[in-house]
Every structure is written in C-alpha cells, then in structure tokens.
Amino acid sequence: MNVFSKVLVANRGEIAVRLVRALRELGISSIAAYSDADRGSLAVRLADEAAYVGPSPSSESYLRIDRIVDVAKRHGAQAIHPGYGFLSENAEFAEACAAAGIVFIGPPAEAIRKLGSKTAARQLAIAAGAPVVPGTERALSDWQEARAAADDLGYPVLLKAAAGGGGKGMRRVDRESDLKSALRDAASEAGRAFGNSEVYVEKLVEEPRHIEIQILGDHHGHLIHLGERECSIQRRHQKVIEECPSPLMGSHPELRERMGQAAVRVASAAGYANAGTVEFLVDRDANFYFLEVNTRLQVEHPVTELVTGLDLVEWQLKIAARERLTLRQSDITWRGSAIECRIYAEDPDHDFLPAPGRIVHLSEPSGPGVRLDSGIFEGWDVPLEYDPLLAKLAAWGPTREAAIRRLDRALSEYVLTGVRHNIAFFQEVLADAEFREGRLSTSFLDRFFERRKKTEADPEAEAAAALAIALSSSASSSPPAREMSRWLDSGREELLR
Amino acid sequence: MKRHVVVNGRSGTIEIEGSRLRYEREDGVVIEREFSLQGTSVLLNGRSYRVNRGAGKEVWVNGRLLSMEVFDPRDLRTGKGASANHGRQEIAASMPGKVIRVLVTAGDTVEEGQGLVVVEAMKMQNEMKSPKTGRVAEVRARLDATVGAGEILVIVE
Amino acid sequence: MNVFSKVLVANRGEIAVRLVRALRELGISSIAAYSDADRGSLAVRLADEAAYVGPSPSSESYLRIDRIVDVAKRHGAQAIHPGYGFLSENAEFAEACAAAGIVFIGPPAEAIRKLGSKTAARQLAIAAGAPVVPGTERALSDWQEARAAADDLGYPVLLKAAAGGGGKGMRRVDRESDLKSALRDAASEAGRAFGNSEVYVEKLVEEPRHIEIQILGDHHGHLIHLGERECSIQRRHQKVIEECPSPLMGSHPELRERMGQAAVRVASAAGYANAGTVEFLVDRDANFYFLEVNTRLQVEHPVTELVTGLDLVEWQLKIAARERLTLRQSDITWRGSAIECRIYAEDPDHDFLPAPGRIVHLSEPSGPGVRLDSGIFEGWDVPLEYDPLLAKLAAWGPTREAAIRRLDRALSEYVLTGVRHNIAFFQEVLADAEFREGRLSTSFLDRFFERRKKTEADPEAEAAAALAIALSSSASSSPPAREMSRWLDSGREELLR
Amino acid sequence: MKRHVVVNGRSGTIEIEGSRLRYEREDGVVIEREFSLQGTSVLLNGRSYRVNRGAGKEVWVNGRLLSMEVFDPRDLRTGKGASANHGRQEIAASMPGKVIRVLVTAGDTVEEGQGLVVVEAMKMQNEMKSPKTGRVAEVRARLDATVGAGEILVIVE
C-alpha cells in the first residue's frame, strides 16, 4: 500500500514517534517537524527527514499553521498528520492544508467545526437521539425557573455557566434550600470569569465513569465503532490510566453495542470521517450520557489496537487517501484486555508538579504482552515547554486481571532516573483493591489519595542503595551542613573524640 | 569502610567489610547481610536489588525513589557546622521551570502567603509564596531564567 | 493464582528473563541461577533472588545437576524451570528433582526418555500412525538390499548412519549408478565417526520446509495442539527466523489440523504432559513427515503466543502444579500473523563467526505490535562461553505482510553497537522477494546467499558518519600507518607541499 | 576543518565549514550538504541519520555497519610510513574468543594452510591457518588467553 509517498508529522513526543513508525511500516517517507527544543528528539532520529518549524514555545512552532504548511510544501509532503493536541482539532488548519493542496489526515473541517463547540455538539447529539445529561436547554431567567427545573430533574443538580469551562461558575446543589444562594454565586462567578452570567441547570451525575467510544469512518458514508475505552482514572481532568474493555461491560454486556450505536449516530450526523472518539459519562445504573467528541486520534488509542488487532493510524492514512473502510461492524472482534498508563515527568509526592530535566538512566520494559510508546531516550532533556507525557506503557492479557499483573510487572522493570515520574505511583494504584475489582469513577483518585498509605521505608532496600552509592563514589562530596541531623552531629562528635 | 548516610532525611551508618555489610538506622533498625555488587545489581543474602542514581541526591532502588547522601566521616571535620539562619527563610523553586513573574524586589515587606515568584513548566504555573511576614532580603530569581528544583529564588527575613 | 510460591530458573540469557517475568506476573518469587560470567546478567537484576551455581563453563554450572538441585533446596524453591538447552531435556535431571522433592517444570522423565532417542521416537511415531519419511526400518545388510529399498522408495534417496547425527555418514544418492560407492563411503564415515558403520536408507525430501506443532497437555490425560510454526529459515541447522502461521497454510488450510492431530497422537503415545514441540518435514506436495519431539519450551514459542493469545510459560507452571488444562481444542484461535528473528552476536559478513564482547550502545525497538525478549543491556559483556543469542525480536500484524513490515521497522530502530550482529542481515532477508512470497525451505538461506547482492555503499550515509566522528573526536588518535592507501599518501604529500 | 577518512577501506576527505560539509571519495563521488549534528542525530539537507560508534573502527549508521577512521591531516606528519613487512605475515584472530590450542612454536616450518592456533567462542572453534609456507617467527597466542578479533596470534615469515 502506498497511499502517500511522503507525510509530515506535525507533532512531537511519543505520538510523533508512533506516527513515524506507522509511516515506515507502510513504506511512506516521514518528515518530523521539530522546534528548537526538539532538534535531538527521538522522532527526529527515527524519521527519514526532519523540518525545523520554529522556536521552542509551541505558539511559535507547533501551533503555527503558516510554518507547518510551508515546510510541508517545501519538503514535498502530500499529507500532514497532526497527532493529538496542537493543531489536531483546528478547523482553520484543516482548511489551510486543503488550500495548499495538502491532505489533512483527520475529519473534514466542517465536522471539526460542528463538534468543536460543546453546546453545538450537545444539540447535535440530542437531534441524533443520543442521550445527554438531562437539563435545561437555555439559560435560566430567574430562581423560580431554576427551582422548577431542579424539581423536574431531581436533586442533586449541577448549575453550569452557559459560556463555561474549567469548572468556573459550576455549583453542585443537593437540596432546594441551597438553590437560591448557589444560583447567585454561580451567576456572579460566571459573570466575572466569562463576562456572561448566564447559568443553566443539569442533573448531577454522581461518581460517573468516563467511557468513550472509538469510531472510524470513511469519506464514502461508511462509519463503524471499535468499542469502548474506560478512562475514569483521572487527576485534574487528565486521564492517567485507560483500559479496554471497560470493567462495566462484564455486568452490562449490551452496553458496548448501545453506546457504539449512539456514537455512530452522532458522528454520522456531523458528517464525520476518519478516526474519532465520542466521550460519555456513565452513571451508577449504567445509563450513559453524551459528553463531547474528540475529532482526532486519542492519546489512549493503543488499548483499542491491542484488543481489536487493528492499526488506527494505518486506517487514518488510508481513509485520508479516500480509500474505503473495508471493515464492517461485524468484522470487529475484541480479544482479551488491555490497560495503559501514562508515564509523566511529574512528582506524585508533591502534588504532581511537573518535572522536566535530563534523563540520566533509562531501561525500558519489554517482553510478552507489553507495548511501549515512548518519546524519550537516555540523555534526552525533557523540555519544560511542553506537556510532561514521556511514554505510554500498555499491557495486554487474556483477562483484565492478567493485563493488570503484566502491566505491574512491566512497571517494575522500568528504570528511569534524572526526572521525577509516576511509575511507582501506578504500581500503588494497580495494587489497590477497588481498582482490581473494577470499581472505577472519575473521583477514584481523590478517594485513593484519602486511603493511600505512605509505603514504609524498607531498610534492606536502603542498605542496598547505601552500599552501591558508598562503593561507587569513593570521591564523595562534602556534605551540605544544614541537612545533617543532630544524630549525625553526635555521631561526628564521637568520631572526633 | 564506614560511611554516614542520610536516607529520606533519616540518618544512619553503613559499615562494609569484605563481603559483609552492616546498616544501622537512627531508629535502631539494623541490617546485616552478605552482599555482592556488580554494576547496578546488588545481592543481599541472595535477594536482588537494582540501584540507579538519578539527579542530585536521588537514588532509585527497584523502581522506588530514595533521597540518599553518603559521607565519609573523615570529611565531616571540614564540614561547616549546622548553622541555622535564625529567622532567615530561603524560598526555593518547588519544580524545575522558567521564571515567568518576579513579584517582589529587595527591601519589600511581604505578608505570610504573599506570592513572590511564579515559575512555569510544562504548561503549569507554580507560585512561590512567602512562608512568613517579613522583609525581602534578596531576590535571586531573574525573569525568563531557567531554574532547577530547590534553587533559591528569594530570601525573606 | 499461586501454583508455587518460589521457583528456580535454571537457565540464562533471554529465556531466563522470560521466565523471571512470567513468575513475577504470577506473584511467584523467582530465583535466577547464575555462573561467574552471569553475575551481572539481566535475569539476575530482574529476579527476586539470585543463586550462584558455579564457574562460567556450563559444564561446571548450568549443566551441574547436583548444584542446581542443591541451590533450589537451599533457597526454598518448590519447582525448577529448566528453560531450553542445558538440562531441559535431561531425564536424569527430572528424576533428581523428583528425588529432592522439587517439581521439574516439564514432561515426565519417562516421556523425555522415550522421545529422546531419534530412532525410538520414530518407532513410536510409526506406531501412533504419524507419517515418517519412508525408508528401511533397520540397517542394510548389503548393497543388493539397498538397491531394492531405493528402487521401492524412488530416487533421490538419503543414506543415513543408524547411530548418526550432525550430518556424519549421510549421503544423497540421485541415481542407482551412484548407490554402490555412496554406500561404501557412508558406511566407512559412519564407522569412523560413531564406531558403528550401520547405514539405512530414506526417501530424500527435497527442499523441505521445517514446520513444527506446539502441543500442550496436562497430567490428567488431556492434550491439545496450538498450531504450527514455520522454521525453515536456518543456517547450520540453526533456526534464525520463525513464523506463525506457516505461509503454506494459505494454500493448504486443512494441513494445520492434520499435522496437529498427528502431533497429539505421537505425544499421547509417549505419555506426554506440559508444553512440547513435534517437528515435521514438509515436502513440495505438502506431505508431512515426523522428525522428532522437543520435550521443552521452544526458543521460538513467542510467535505462537502472539497469534493464539496464550501464555505458554503460565500454562507450563499450572500444569506442573498438576492443574487441569482447561482449554479445549476448540478454544484455540489464531489471529493474524507473527514473525520472529533471533538476534545473535555473530558476523554475517564473516561466515557468521561468533562475536562476544561488550555492548557499547543499545537502544531497543518497541511500539505497536513489537515483542522483544532480550537478555542484554548497555554495558553488558556478552560472554564467550555460551550461545550467541542476544534477543528475540518478534512482530505481530493482521497479515503476514503487515507482520513482516513491522518487523522490518523494528529492526530499523534497533541500535546495538560493540559487538557484531545480524540485525541488518535480517533486513536483507525480509526484503527478499522469495521470502515475501513465502517460498521457504531449509535451503532458503543457501540460495539467498547465492543471489545476495552486496549492498552499495551510500555516500551520504558515509558523509554523515564521517561528520559525526570528526566532530566528536577532536582528539583523534594517530592513524595506524599500514592501513593508509596510496591515495591517502599522495593526498598527504599534497598537504605537505 | 578538514579530515582524511577511510571508510570500509576506501579513502576520502571531509571538509566542514559552518553548517556545510563536503565529502569526497577517492572514486570521485562528492557529497555537499547543509548539516546539523546533535548527539547521535545528523541531518544532511533535512535527511536524518543516526550515527553510533561501536568497538574500534566500527560505526553504525541507521543500523548499517561501516568501518571508519578519521585522521587530522596534520597528524600525518608524525605517522610512520606505510612500511610493508615484505614477506612477513601476521595471523590474527578472526573472532574474539579463547585460545584453546596452540599448534606451533617459534622456529617451526609450516606449510600453507597448516593450522596454527585454535580459538573458541560461543561453542564454535575457529582454526587460524598459515597463509603461506614459511617459518614461524613469533607466537603471541597463549593457551587459555582471551583474545579480541584482529589480535595478532602468530607471525609467519
């Protein structure tokens, strides 16, 4: 297959590596776009060609439509893959590609536009017959209207800013007596944040699961779904662990097909083509509600690939080249279970603060059932300009339990020093009883932190470390005085007697 | 061979003689083992540990992070005493990043909790706050400079 | 599952790592046996415990039944996994384990004995109704008998030493006029080599494929097959590339089941349990002939795991613990295609001479569909005492073509310097048209070397290398004079003018 | 900056000026490119090459092995002339390994093809043979010693 002969990868990090690999496997020349900070990146090393697109800040490089299109033309690329983030959901970029005679590997610009606005997407979902969280369609005019709506929905409800985002102007209301003041607070916060104090009310979904459906469609009107991913393990609305199938499917085997059909209806209504993801909230009774559509390849796509055996990037390329999606819905099968964790340069012991820096030592896990999508190598300086994602580690097993055990094994092999990271944190989560039982929700991590026990220091491990360091550093540096404890001081006095 | 060690802030000693080690922690825990060391691989009575250095004082043992310092007790003679800077507080960067705002200048009076410097890394901003009410003695942070975690940005007294 | 709480891994290299990983995934403590040369090996690093078994030569360590059993007892192991090679097919070792109250993870000692002798195994196969290469059952008494037998079989035939092995006393005979002298030569060579000049005659299978069947059985009389592996790409009777399914199955879809049933019959007749492999030759007309049984885990087991989704080592452990094999034959499904190549420390440009030494730089491939079973790391000294296998690189894809493309991509990412290796050689083989078409036989590599073209030096790659070396080594060493060419001399004269 | 290079036995020169390079091979092939080098990553007019050193003269470029030597032409003044040892033949180990048999001693006369030393590695034995009929001038190989590939074992003249 040679759908294209040369493609520009307009992204960085692990996803750029993923794309370069896919292109090589298809015999397509790859060009890695790079900023100053990424001149020596793994994607640049692995690509056939590399093209400079600007200084390190992404606003001057990876987000510059003009520069990206320009290097694509100069290098003779026939198509551009935007990865995720950056320009991947930018309809203007898709149009600029088209204007330059270059194929944008993603959905039509119009579909991106239709689904880009949350409220427009919600209307589209309702029209397509997909369930949405029940609520008022328009802003509330006064508190009587709010009371009537809340009564209809049943408490608890959620007040949300019409122009909102990021939790601003959002209030949970558990009983009618709290409604009045909550409405006042929400409206005033919304007014301050967005210059628009309009508020509407939705039914509150308590401890929801985040479950999303992968869709795939061609430009000839054929669209299918590839099943779900459960992404409920999040911190600061950032997914950190994803899996396929969702553990919920065990007790609700019909849910995949129902959610899948809803996702296909929404995407079809938007004239969607290429790969995309329809996100849903799922409540305790396994009712699902449309949330939004991500009009691009998703970070967590590997778990779907591991379980379905399909290569999503390969299909993205074929579809972008106007090939027909030859898979029917009945061709899609799910084998076993896959689970992925996102390795970030961040400090789990200090509120997950980011931790850029140089990779001092790296030894990556491999072996049976392990898939690693990594963007780093030993000696690489993890730049401070970008997202802290270093790699995605995924494991496949015949059962969820087997996949978890395998992922845990792979984590135990991972040696990564020089920057702080969340590898050991994931091992704690995987060992958690609620996690093992599949009792997941988007508030899982909050509760996990409440019950998390500080792991006891293992004196034998300390002894092993002290031994290695003592014998490897005969030329040990003088101790920084202020870090010495009284105990050490007294020890010193003894020595000096 | 005898060394003082500080592990995760807790002091101890390690004595190495032939292929035996003795590790004693200030809380009284004692480990005595036969050891073998090759590269990053340590065996203690046959149990296997992988020890890898990270940046600074960081050491990773079988994937777990320790803060570890090892001193030759003979070097301690030249060490400065643990002179506490009474009342003087050093405010350090809590993560590596770029200084994107410096909110005070030397001589300013500041209140406890007042923002001093904002550091940004990986799209996240982190505001360093004054731990006390006092006067800014020194501002070391410079705008647009890249700083490491633990690097001193401001001194308040 | 906790079939055992502690298991000794009585092997080294990549297979020891494979076993340590499996044990960790099952929550079983692992003990890595090690010789002097392997004190710092990857298996020792990854295992929970490590046990010294003797000096570097394997006759003083990995082959010492007494020492292996002794450390197993001292470390409290309940079972021993022998891997492949070394003691894995040693019935005495299996008995010594039993005598010490330790479970040998493999078939019963009696089954090992029955199948260990090639001629006994052949008799057993005939009795079980498995096809063998047609030939005389006993040694020939004279040349008239040989002529009659060869007439019956039809030329070409193969004369083989009854006590034989390693090609000694073996002669191909294409016509009757050559038979007499060939018989004399074979008998005299066999006499010299084995002290036994008995020779028998077999039909010659021309350009055979080597196809083997993976079997799995429990100690309760249940035995199934997991399909085939094609291992025709060999040099010096050593497999280097293996795949599942065999490309032959495309045109002969019934062959897997017929070979599988034959394999199960032979193994059942021997009272087999645990994992094993029944090897066959397959001729041009897709007739298959029993060759021998390998009574252990096979080097190339990963391709079967990738395609069936089963974990063979996990099943070995369960079966050794007397659990029932809960898989029925109808549960086994084959998805997609997997292909593996064996990364050896050897020099393909110098007759594949072994190349021990220190790994200077290592960057291993990963990403979608790639499985790496590696026993090395940067800085590791590949010992000169053992087999040159460094790692096994396997790729899975939905089709054979996709798996090949992916394996080629993974090979292109592999950075391994310090020792010579066959990585680039595999890329040449994978690019070969006959290989791509699946036209395989055990003489494939001989023919490949005949048509192999020396790849032309790429001057741009040379320029890149010269640039990097020139700029990285400002303190360049003085040139060894005798390696300078006349051209360089004349260039120097110019410079000195 | 100008350097002489020998790539797979073929001589050439590389000239580096700013971000441009010119590589000329003795067979007349000339490469002129804009380059960028960072770590092991080389870009030539945007094309990407990974260059990693191996042991000795070995260099791996995008997974392909080259033998590469780079000399500063100024160093050549001090170089010994390419003095050929007429008639003197050095027999070197063709693979790293252990010397398991030494079949000759100094002063022996040997025939072309006669075995001199046997080296073993990884279960394979390799017999080094005399390339000519002559006299053994020197035996450097010692029994049980570990030798590297290319290490001289015997000299025949």
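Should a chain be cited, it is by its letter among A, B, C and D, assigned in written order, with residues numbered from 1 in that chain.
Following the convention adopted for this analysis, contacts are C-beta pairs under 8 Å (C-beta built on N, C-alpha and C of every residue); 3 or more make two chains touch, one makes a residue touch a chain.
Keep in mind it's a predicted model, so treat the numbers as computed, not measured.
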Could you quickly compare A-D and A-B and let me know which has more C-beta contacts? A-B
Greatest Cα-centroid separation from chain A: which chain? D
Geometric centre distance via CA averages, chain D-chain B, whole Å: 48
Chain A to chain D: how many Å between their CA centres? 50
Just give me the whole-number Å value for how far the CA centre of chain A lies from that of chain C. 41
Per the centroid of Cα atoms for each chain, what is the distance between chain A and chain B, given in Å? 32
Residues of chain D touching 2+ other chains? 40, 47, 50
Specify, in ascending order, the residues of chain C that touch 2 or more different other chains. 46, 412
Draw the chains as dots and join the ones that touch; what shape do you get: line, ring, star, complete or other? other
Chains touching one another, given as label pairs in label order: A-B, A-C, A-D, B-C, C-D
Counting only contacts in the complex, chain C reaches chain D at residues 345-347, 350, 353-358, 360-361, 384-388, 411-412, 414-420, 423-424, 427, 455, 457-473, 476, 478-479, 481-485, 487-489, 491-492, 495-496
Contacts from chain C onto chain B in the complex sit at residues 31-32, 39-40, 44-51, 75, 379
In the complex, go through chain D and note every residue touching chain C. 1, 3-14, 16, 21, 23, 25-26, 29, 31, 33, 35, 37, 40, 42, 44, 47, 49-55, 58-66, 68-73, 75-84, 94-98, 120-124, 126, 146, 148-149
Contact residues on chain D for chain A in the complex? 36, 38-41, 43, 46-48, 50
Touching chain C in the complex: which residues of chain A? 17-18, 21-22, 24-27, 46, 302, 305, 309-311, 335-336, 363-364, 366-374, 377-378, 398, 402, 405-406, 408-409, 412-413
